[in-house]
Each structure stands twice: as C-alpha cells, then as structure tokens.
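Presented below are the structures under discussion, each in the form of structure tokens.
Next, two complexes with chain A in common: one pairs it with chain B, the other with chain C.
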Partner chain A sequence: MIKFLLKGILRDRSRSLLPIIITALGVGLTVLLSGYLKGAFGDIVDQNARFDTGHVKVMTQAYAENKDQIPNDLALLDASEWLDTLHTEIPEMQWIERIKFGGLIDVPDKNGNTRAQGPTTGMALDLFSGKSGENKRMNIEASLVTGTIPKHSGEAIIGHDFAEKLNLKLGDEITFFGSTMNGSMTFKTFNISGTIRFGTSAMDKGALIVDITDAQLMLDMNDATGEILGYLKSGVYDQTEVNTIATIFNSKHKLSTDEFSPEMLTLREQNNLASLLDYADVMSALFIFVFVLAMSIVLWNTGLLGGLRRYQEFGIRLALGEAKVQIYWSMVLEAVLIGVIGSILGTIIGPGITYYMQVVGIDISSYLENSSMIMPSVLRAKVMPNLFYIGFIPGVLAMVFGTMLAGIGIYKRETANLFKELEV
Partner chain B sequence: MNKTKILNPIKMKKIKYILAIITIATFGFVMQAQIISAEKIINKVDDNINSDTQIVVSDMVIHGKRNDRTITSKGYSEGHKKSFTEYLAPAREEGTKMLKLEDRLWIYSPSTDRTIQLSGHMLRQSVMGSDLSYEDMMEDRKLTEMYRSKILSEETLNVRNTWKLELVAKVDDATYYKRMIWVDQERFVPLKEELFAKSGQLLKKTTMSNIEKIDGRWYPKKMNYKDMLKTGEGTDFIVKEIQFNPKIPVEIFSKGSLRK
Partner chain C sequence: MENHIISLKNITKRFKVGEGEFTALKDINLEFKKGEFAGLVGPSGSGKTTLLNIIGSLDSPTEGQALVMGNDISKLSHKESAQLRNHHIGFIFQVYNLLPVYTVYENVEFALLLQNYTKTERKKMVMEALEWVGLTDMADKKPDKISGGEGQRVAIARAMVKRPEILIADEPTANLDAENAHIILKMMKKLNKELNTTFLFSTHDEKVMKYLNRMVSLRDGSVEKDEIIAKEAYM
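Presenting the complex of A and B:
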C-alpha cells in the first residue's frame, strides 16, 4: 500500500509538489528560527555566566541587594574560609573569586600630570595561580588584540578601544583612581601588558583586567572578595541542579539577622535572565505552534484544492465500491508520506541555513554602543541535535491535519449522485 | 434716589480701584521686604560662617555599615574659589592632598606620586566614602547668586527660634534645585539644611550642632551630613581648630604645593 501510494506521489507531481514545498519551507523556517533563538539566547546566557553571573554566585546579602552599584564596602570577608566551605560542601562545582570595581583611569604625561583619562569598569580575576581556569573561561588569550595576559603584579589588560581612545601603547603606565573597600581614595599604577576586545560592548567599554591579588591590595580587600562564582564541572548550566545547590546552601548559611551573611543566587536569578530564558522558551514554543496552525490551514487549503482536482478519482473509487473510510485513510497515509518527504527536505534545508547563520551571524554591535547588558555583539544561530526533530514532527502533523480537514469532504459525497456527477 | 443709585456704583468702582492698588502695592512691598529679608538673612549667615581666609583642622567621622572611620585633615581656604586640604590621619590617607581652584580639582597621591585632575561624573563620587561628594566641595558660588530665597515660616528647632527659608535655584547648573534652611534668629547660624532634587526628592540633609562663639562669631563645630539615598548615620564633620582671616601664603593654592 505504502509503495503504491509512494509511486502515486512521485509520478503525479501535481498531487504532491506544492504540499512538499510548503512543508519543506515551513519545517526549514521553524528549524532556522528555533536554532537562531536557541543560539542567540544561549550565547547571551553563556556570556553572562562566564563574565558575570557564574552558574551560581555567592555574595553577602547586602552586596547582592545593591550589586549594580558594585558596593565593595559590603564585600564578603574571610573569603578563603568561604572558599574552603564551598569546596567541601559543593565539590561538584568549581569556585572562583572575582572583584569588580569602578573608578578612573588616568594617563600621566612626562611630568606626572593628567594627559588623558576616562571612567573604567575593572574586573579582578585569579590570573596568576593558573588553577582557576579564568583565562579559558573568559577566553582572554583569544580575545587579546595586542600583548599578553598579566604575568606579574602591577600588570593590567585594558580594553582595546579604550586604549586607542586614551592613545596608549603596550608597556605604558596608567593610574587607577577609585575607592577602597573602606571608602578611602586609592591610587595604583599599572603597566599595560595587553589590549583586549571581548566583542561585548558592556565589557569592552572602559575594561580593565587585573589579577585579584593586585585588586585586593589596591582596594584594601585582604581576604575579602566581592563575589564567589560557581561553575558546574560539566560546564553546562543545569537549572534543576543549581537550584538544589542554592537552596541547600542558603538554608544553611543565609541568615535573616545578618545582612553580611552569604547568599547564593543562581544564574536565572541574576541580570533578569529568568525572564530572558522564559522568553526564549515561550518564543520557541510559539513558533512551533504558529507553524503547525498556519501550515495546517495552508495544507488544508491545498488539500481542498487537491480534493477538487481529484474529485473524479474519488468518485470513481467510490463508484467501484471502495469505502469512504478506506479512501479517507489512504489520503491520510498519503499525507503522512508527503509530510515525511517535505519534513526531510525541510530538516536538510533548515539546519543548513542555521549552520550558515552560526558561522556568519547578525552583527548588532551598532545597537549596543551604550548598552550595559552583557550581550554578544554578533548574534549567531546554533545547530543542535533537537533541530533534527523539532520541525520534523510538526511538519508531518501539519500535513496530516490539513489533509484530515480537507478529506472530510469525501463523507459528503452521495453514492446516488455519483454517476450523475461523473457524467459532467 | 436715581442720582444716588447712579453715583454709588461709580464711587464703589473708585473704591475698588483704590483698594486693588493698595493691595497690590502692599503685597508687592511685603514680597519685596521678604525677598530682601531672606537675602539679608543668608548674607548675614554667610558673613558669620565664612571669612576671607580660613584654616580648619577637622575630623571627618564616616559612619559606615561595618565600622566607623575618622579622617583628620587640615584645610586652607580663600573665599569660595580656592581651597587646599591635606589629610593628616590615618596612615592610609596621610599625605593625600586636594587642591580646588575655581571649578577645577586636583588630588595628589603620595603612594604613586601622581596628581590627578577630577572631572565629569567622578565629581559626583563620594569623598573618602563619606556622605559628601566632590561636587559638594566644589560649590564655589554664594547662595544668593544661585538661589531665589524666601522665608517660609518661623519654627522652633531644639528650643531655638528659627526662620525656615526656601531657596529655589535661579541658575541651571546648581547642584541642588531646592534648599530648605533653618536659620537661628539670634545667632544667624544655620541649624538644619535639606537639599532637594527638581523632582522634589530629598537628597541630603545637614544638621549643625555644638555652636560656639569663636572670634566673635557663632560657628557650628559639628555638622552631620546625611546622604538620604544611602542607609546609615551619615558623616560627622567636627571642627577641632579654626582660624578666621589668617594670612595664607599664596603658593599654598598652587599645584606645586601638592607635591611638597
């Protein structure tokens, strides 16, 4: 039966070509949009995790409440003890300290007076120990435009565009001016060891990267840290797992009576990422729903047209004694075959274009010039295993639904009128 | 009867005109008197608090969330335009110097031997973690130049009779749009000040206390500055020593003095 129907589909192209094209296009579009959404939102989440939120982040409650202001006066004290506790209690995660700080970069002239200056957003990472994996996680080496990562105390990396703006070269001296953890003025001179471009406007704008030991000295943060970030050793963010970890940690260490007690926040709970992630899921589901609905209507219409074209054929089959239900189900089976062929084509085309979008992407850097959000400046799609079925099933279903709706007309044919109709 | 009826409205009209003129004149006079009076009060306060030159040794007690810090400094000033501050203690701040010449501000750090000029948004940052911003320190115009003032009411504050003055900015670049000042009626010393944004939000509050007579002037030796957008008890500025109109060498107010 299948072989017979398949022959019919292949030989009578007017019966199958249009539905196959429509299904293939629909499936391809769904796959592309799904891959693009997943890729773009995935990149945003990934960049946030790597640069800012971690999979979880531990801060004091007071710091967490005002974290946008980088309130280092509310930083976590006894950081090494907390790191030990985290390593012991949650060994499935890697824990690293980070300090963010804001201030002014001042470039001296030969007399030590201000030649140029600009506001900076600094980040202190564990670069010297070689155990933190920060270089790889932040992709620092690959993002360097010139120079090397700091190897000695007093060296810093500066944003490439920032360096150009301040007319700085490798080896030049810059002075950071800001506030210590206690609010005192702090001045620290760094040598530029490299310039960097992450491709994230919020990070590249006035970026200054130093080793955490330098920052602790500079900001009077001996054994204190702004944030402790945790990353699942698998490297993949798992909401259920981090939720459990955070709940257990907070129930044990977060005290309602002490605002300086630590609090663990998951990635979802930071930077409004919860709504972003939910939005991505909703949009993806919506695309599939709209696709199935729209395709069903289009294919219903195509089925109706096909039904009209095959009006005589069905009439003859009925006249020859074939049951209406038999014809109906043969049409549905035919629709399944057409749906499968269209979906296979769509599943080849969709990931193909998605792969192209993964390589090329869409450059949105011009829209992000003044943005403080951590977002990649090129939004790329991502080819993932689920793309090979995410459009396939709705593709077949849409074709089947469309045909099932159109096929209802068969039941309205009256055998008594068949010969009269066939005479026409 | 008819004549009376005709004359009366004319008379009434005249009386109305005269009354209106008197009312407008009186209101205008009162308003004028009040403007002068409020301005006079501010000028008297200015004369009382400020002098041509001043040398002040003070403690700035910053009440932080975790601890309190006391920073001792010696400040020299000449009018509103020039000032020089040297931080004396604690060791972390010792030797840090600040020079303000009109609208420019330089900070010298002995640890890096660098002089940095502050500008732009950095001026809005807090000074040493206190509730005062550099911008607050930079204010170098007289209040009467920047604000339109009026007396709102008379109030009793800490058993002292005060005028409550409202000052509204008449220039676009005033740091605060509106100020409320409670001035001691007898000693011409401000006892309280509230600073507002244009939106009406209270931004800062200053309370003056320990008022003593020094060289014939009443002077508040303790001021508490409170940034209302921050939690905490604010910053106390305690005057330990003050000299009015001392001779200050000219070179103090030069960039060269920062490195000395």
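Presenting the complex of A and C:
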C-alpha cells in the first residue's frame, strides 16, 4: 500500500507539489533561523567568554559589584597564591590573569609636544610567558592588521581604527596616562608593535593591549590582578559543570564578612548573558512552534482542498470496501511520505542557506559604534549537526497534523450517498 | 431453504426530509439466489438505488431484515460493512470512476491491496481479470488514454478481480453507446455464467433489460412485479 500511495504522490503533482514546497520552505526557514540564532548568540557567548567573562571569572566581591567601572583599587591581591589554589583545586580548568584599565593616550610630536590624544580601554594579558594561550584564545595574531604581537616589555598593540584616528604608525611612541590601583597618577611610554581589529566594536574602540607584567608595574599592582579567568580545558562552555565548580569554590572561599574575599561568577552570571541565552532558547523554541502552527494551518487548508479534489477517489475506495478509518490513516501515511520528502528538501535547502549566512553574515557594526557590549560586528549563522533534524521532525509533524485535521471530513461521508455522488 | 445469497424481509426505508419523512421503500420482500442475473427496474424515485444501497451494505433499512451472505445488514458496524463489501461485493457505477493517476493495471490491483494477497498473486489475478474484459494490452495505460467503453470494462475488471459473490451495477450502460453497452453486457453475462457471480442491476435501459434473467419492477418503493424472463435469450 505504501508503494501505491507513493506512486500517487509522485504522479499527482496537485496532491503533493504544494505541500512539499510549503514543508520544504518551512523546514528550510526553521533551519535557517535556528542556525542563525544559534550562530549569532553562540558568537556573542563565545566572544564574551574569550574577551571578557571566561567560562568563570574570579574577582573580589567588591570588584565584582563595580566591575563596569574597572575598579582596580578593589583588585585581588596575592594573585599568584590564588592562581596556585585554583590550579590545585580545579585542575580541569585553565586559569589566566587579566587586568583591565582605562586612561588617556597621548601621542607626542618630534618635539615632545602633544600631537594627538584619545581615551583608551586597555587590557593586560599574559603575552610573554607562552603558557597562557591568550594569543590563540583572543585570536590576536590573526586579528592583527599590521605589525606583530608585543615580544618585549614596553611594546603595545593598539586598535587599528584608533591608530588611524591618532595617525599612528608602527614603531611610534605613545604615552599612557592613568591611575595606579592606589589612586596615584601613572604614565608609561609604549612602542606600537602592531595594530589590531577584533571585529568587536567594544574591543576595537580605543583598544590598547599590553603584557600583564607591564600593566602590573604601570598600575602598581605587584602580585595583584583585576580578574582571574577560568576556561574549561575542553574549550566548550558547559553550564552544569561550571555551576558545580563555582558553587564549590564560593562555598569554600567567598566570605560574607570580607568584601575583598574572592567570588567566582559563571559566564551566565555576567554581562546579562543569562537572559540573552534564555532568550535564544525561547526564541528558538518559539520559531519552531510558530512554524509548526503556521504550516499546520496552511497544510490543513491544502488538505481540505485536496480532500475535495479527491472526493471521487475516496468514494470509490469506500465502495470497494475500505473502512473510513483505513482511508483516514492512508491519508496520514501519505502526509508522512509528503512530509518526509518536503523535510528532506528543506533540510538540504536550510543548511545550504545557513552555510551562506555563516560565510557572509549580517554586518551590524554601524549599530554598535557606541555600544559597550562585547558582540561580533558581523552576526553569522552557524551550521551545526542539530540543524539536520531540528526542522525535519516539525516538518513531518506539521504535514501530519494538518492532514489529520483535514481528514476528519472523511468520517462525515455517508456511504448511502455514494451512488449519487459517483454518478457525477 | 434454497441457496439464497440475499434475503430481504419486510424492508422499509424512510428518510427525513425537513421535518417530515419520505418513505423510499415499503415492505419489500425479495430473495436472490447465487448466480442470478437480475435487475431492479423502474422510474426515477422508485427506490432502485436505495435497495441496492441496502444490499451493498452502504445503507441499512429502517425496518425489516436484510441478510446478505448471512450477514444482517442492520447489525453490521461500519467496519464490518466495509469488510463485507471488500470480500464479497463488487460495484460498477454509471460513471466508471477510475483513479486517474493510476494505470489500468493499478486501478484493478487496488481492490486487492485491501486484502492480503502477495504481489505474485495480485499480478496473476489482475491479469486474469483484464483477460476477462479483453484489456491485457491496455494494462499500462492511464484512464485518460482509453475510451469510455474500455473504461467501463476496466471498472468491471476492478469489481470482479476479487471474485465477489455479488456484483452490484447501478445503470452501468447509461454513459455508453449501444455497441459498447452490448459488449459490456455480454461480458458480464459471461462472467456470471463462468464465475457464478450474482449480478444485480439497477436500470431503466431497455438494452440491459433484454439480458436479465429476472426483472424486479419497483414503483413508489414497492415491488410491482417480480418476473423470471426467458433465460439465455441474448447470449
């Protein structure tokens, strides 16, 4: 019977073409939206993890409370001791120190007078030890527009656009003016070793990257650090795992009586990422729900029209001795076949377009010019294994659900009228 | 008791019309033996189709008892009625009603798909049925590529392929010219003899009446005349 139904589907285009097109488009659209949401939100999470939050971050409670102000006066002291503790207690993570700082960059002319000035947001990373993995994690080498990574003390990388604005060239000297962790004024001269563009407006805007030893010296933060970031060695963020780690750490080291005791925050607990991630999940589920509902309504109508067109066929089948329930389930079986064909097509089309969106993406940099959010300037979709089934099941379900609704009409058919109906 | 394949006792059928009722059949008492070639004749509205509906288990009587192959039609569920039609009753309609997307072979085969025959068995039965109606060379053609007469022959093959005990034909020649009508009727008569299938017609076509062995005349829902006609007159 399946072969017989399949022949009917393939030969009678009016029975199958429209539902297959609708299902394929719906599945393709669901796959694309899912891939785009996952890709865009995944990129946002990934960038936040790499540039700012880590998978977990350890700060003093006081620093954590005011971290938007980069309060280095509330930094974590005895950083090396804390690093040892973290390495011992939580060996499944890689731990690195970072210091953020703000200040002013002054560009002198050949006479030493100010030629240009601009505010900067600096980040100090472990660039020199070669063990931190920061180069790879921050994708620094690949993001360099000109020059090289700092190799010696006193070298710095500056945002490419920032450098152009200040009319800086490689090898030029700049002077950083800011305040130490104790509130005193500090200044330090750096040589520009390279210019960089991360593709993240919040990072590129006035960026200055130096080695952490230079920053500790410049900011008077000997054996102190603003933040200690932890990354799971698998490289993949796992909410359950980091929750457990953070809970254990906080129960042991976070003291309610000491605001300078350390606190560990997970990625979700920073930068409003929890709501962003929940939003992504809700939106993804909503898209699938709306797709199933909308497709079901459209396919219900298509099923009703098909039922009218096949009125004679169903009459014959009733007369030949097929029970109404058999006809109903054969319609459902047809719907499964059509749904599968449509979903297969949609599953081919969807990831195809998703891949295109992964390569090309949507440039939102103009909307992020004044944003302090760490998010990519180009939102890209992402082709993932789950895209190959995420639309498939709803595609088949929508077709089956629509047909089940439309097929109820068969039960209202009176066999007593068959002779009259089939005379036409 | 004789070998009655159909037994109708005091059959009355009423339909609701608005707030009133219309009596389509009044106290019908008829019996048909296996292998009969009988016709229900009468003008429109005389109750022919209603009676065929009841015999074909497409409808049930309001009063009385209709026994078809020993099954009381009034007591059958929808599924049991479908089973009865599936295994024991074939239908031929005024319009041959072939499924347009399937070939002649597949149209005939469809009747067998509802039963548990193997592919080999089905092929043998379908080709045999097409041979009965002389259409083996048309097996791969679609309904829109064959003539009206051929279409009705396919419909006969579809009805007969499962070798039903009863074949019900509602005005089977109404859409055919005289030549094709005679071809069809001769074919049915032959099958009636060879397979001993009971043929029941509803007709007011003189051509059909000439082939009948038995003619039941209905008027206003009642049996007006039930006569045995000279057998084999037109064979």
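In this text, the second predicted complex is superposed on the first by the 423 of 424 C-alpha atoms of A that agree within 3 Å, B and C clash if a C-alpha of one lies under 4 Å from a C-alpha of the other, contacts with A are read in each partner's own complex, and residues count from 1 in each chain.
Everything below uses one rule, namely that contacts are C-beta pairs under 8 Å (C-beta built on N, C-alpha and C of every residue); 3 or more make two chains touch, one makes a residue touch a chain.
Keep in mind that what you see is a predicted model, and the values were worked out from it rather than measured.
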item: Clash or fit (per the criteria above) of chain B with chain C on chain A; value: fit
item: Which superposed partner A:248 touches (first chain B, second chain C, both, neither); value: neither
item: Partner chain(s) touched by A:179 [first = chain B, second = chain C, both, neither]; value: first
item: Touching partner for A:313 - first (chain B), second (chain C), both, neither; value: second
item: First, second, both or neither for A:113, with chain B first and chain C second; value: first
item: Contacts of A:416 with chain B and chain C, given as first, second, both or neither; value: second
item: C-alpha centroid angle, chain C to chain B via chain A, nearest 10°; value: 140
item: Partner chain(s) touched by A:294 [first = chain B, second = chain C, both, neither]; value: neither
item: Chain B versus chain C - smallest C-alpha distance in the overlay, whole Å; value: 79
item: In the complex with chain A, residue positions of chain C that touch it; value: 49, 52-53, 56, 58-59, 78-79, 81-87, 89, 91, 93-95, 97, 99, 101-102, 106, 109-111, 113-114, 158, 170-171
item: Residues of chain A defined as touching chain B within the complex; value: 62, 73-74, 104, 106, 108, 112-114, 117, 119, 175, 177, 179-180, 182-185, 187-189, 220, 260
item: Complex contacts: residues of chain B adjacent to chain A; value: 62, 64-67, 69, 92-93, 96, 107, 109, 111-122, 125-126, 128-130
item: Residue ranges of chain A in contact with chain C within the complex; value: 1, 4, 7-8, 11-12, 15, 312-313, 315-326, 415-416, 418-420, 422-424
